[in-house]
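Same chain, two partners: subunit A is paired with subunit B first, then with subunit C.
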Partner chain A sequence: MEILQVVGLGLITTILILVVKEQKPIFAFLLATFVGITIFLALAGKIADVIRILENLATQAHVNNLFLETILKIIGIAYIAEFGAQVTRDAGQGSIASKIELAGKVLIMVMAIPIITVIIETIVSILPA
Partner chain B sequence: MPYNIDAVFQIAGIGIIVAMIHTILKQMGKEDFAHWVTLFGFGVVLFMVAMLIQDLFTTIKNVFLFRM
Partner chain C sequence: MRHIEWMGDWLKQIILLVLVATFLDMLLPSNSMEKYVKLVMGLLILMAILSPIFKLLSENLNLTELAFFDENKAVVAMPEMMSIADINEQTTQLKKQQDQVIQQKTEQSMETWMKKNIPDRFAMEVVSADVVAQFATENPHIEKIHLVVREKALGSSAKQVEPVQEVSILSSSEPIPTESTSNETGKKIQGFIQQTWNLTAEQVEVQLE
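Up next is the complex of A and B:
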């Protein structure tokens, strides 16, 4: 029951942050970041298991490896950009958080270009000349 | 949860103790020392968080951006 551990950690951290925030807000912020990373790291193993299964399925179905790799990279960029934006927004810097999200969107678009190219090439080859 | 939860209490404890020392030194009239203590405590905690962030980035590279 890992959910109980995560919820317990979250509750304890919330109480500690409420205590510390009175005197030193910067330590409260660092504590929140630390716990966020800890929870993410606890979940990363589970995500890795799911991704391994997806990889096996893709290999059995003879899917082009480019697609799976690109999709995994896009998911990773989305997770890390979301995490960074939330941490930054917690610290009260909404504008930097918006820029992080913008960077995530642009990088995802760049990642998707090879797939779009493949699709367009396929369509062009299907069309009669 | 393979990661050490003790660090959470360590960070909170460092925060509370630094706040206490800051108040005491301020009342003794040594505001200069008080600010240095705060800065030092912040540095220690920031180091702990930075180590964990490095761990996080390595994990994300291994899980999502494999072969990088």
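Up next is the complex of A and C:
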């Protein structure tokens, strides 16, 4: 999906939502969520291209697979958590949105734990006992 | 040269990781998540930078000994510390061991197969079977099979086979004379083994007791 389509879809949706909001606020929310998901999924393909290229580069440069895997996982978690939080925040549920964000942060930190362990172990073993 | 190669690999890894990290930073949805992502990316880059130290530590080198090492000796010792040559050497050694294990397994399984199948087909008993295989070379092959057989006590099936043996074996096996094979059944066993593993007549030796 190109930028014009995305913007067009967004503008039309905004107008529709403004019209519908007076009568049925729930439909306005559903419409917003649906359009949001559509745009997100349309862009997922492009992101996949970028990630594939990055992966290719990394394998060519003999980058450890662990590093790239972790980075990509972090990106995925960040995107998905962000998206969910935004949708819930649009619906007026700010508290649930912040919980989703919290979950995203915790999961990202969990990814970091093995790395932190390795680094700290190394430092400890370097230091004379 | 090996050092430069190794260092190039290391640098390449770091540079690519930093580039990817900045690129993905731009891709990120700008929000509270950014802080955390940046922290983890930083840790990853740190780990990539430290990776030679991990390698050193995993080889269980005594760091104090290294620190107070004689400089002249250290220059000689450095390449051995984590050189690719060491790893290569280990690899070849492991490969050799693996080849040996494969060879032993192959020989064993061939021997048991013969011990199981020859009595079924020829009414003979296998006294001993010895397979010599060669796996160290580029194309692994069987060097020699040495079989010692003797007649089974029960010969009901052997009697039925005998007339057929006389006709077929005499004509087919005459051009390939082998000293150790003393009679028709032996030749038949030899032919059977030859066919099974696609060997030449010289490689199969059947002895009758």
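Everything below uses one rule, namely that the second predicted complex is superposed on the first by the 116 of 129 C-alpha atoms of A that agree within 3 Å, B and C clash if a C-alpha of one lies under 4 Å from a C-alpha of the other, contacts with A are read in each partner's own complex, and residues count from 1 in each chain.
Assume a residue touches a chain if its C-beta (ideal position, glycine included) is under 8 Å from a C-beta of that chain, and two chains touch if they have at least 3 such contacts.
Just so we're clear, the structure is a prediction, and the values are computed from it rather than from any experiment.
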Give one of first, second, both or neither to describe whether A:103 is in contact with subunit B, with subunit C, with both, or with none.
neither
By the touch definition at the top of the document, which applies to A:122: first (subunit B), second (subunit C), both, or neither?
second
Once chain A of both complexes is superposed, is A:38 in touch with subunit B (first), subunit C (second), both, or neither?
first
Quick check for you: in the superposed arrangement, does A:63 touch first (subunit B), second (subunit C), both or neither?
second
Now for A:47: first (subunit B), second (subunit C), both, or neither, which partner does it touch?
both
Would you check which partner chain A:75 touches, where first means subunit B only, second means subunit C only, and both and neither mean what they say?
both
Touch test for A:91: subunit B only (first), subunit C only (second), both, or neither?
neither
The intersection of the subunit A residues contacting subunit B with those contacting subunit C is 47, 75, 79
Where on subunit A does subunit C make contact in their complex?
47, 50, 54, 57-58, 61-64, 67-68, 70-71, 74-75, 78-79, 81-83, 101, 104-105, 108-109, 111-112, 115-116, 118-119, 122, 125-126, 128
Subunit A-facing residues of subunit C, complex
9, 12-13, 15-17, 20-21, 23-24, 27-29, 31-33, 36-37, 39-41, 43-44, 46-48, 50-51, 53-54, 57, 63-64
Interface residues, subunit A side, partner subunit B - complex
2, 5-6, 9, 12-13, 16-17, 19-20, 23-24, 26-28, 30-31, 33-35, 37-38, 40-42, 44-45, 47-48, 51, 69, 72-73, 75-77, 79-80
Please output the residues of subunit B touching subunit A within their complex, sorted ascending.
1-3, 5, 7-9, 11-12, 14-16, 18-19, 22-23, 38, 41-42, 45-46, 48-49, 52-53, 55-57, 59-60, 62-67
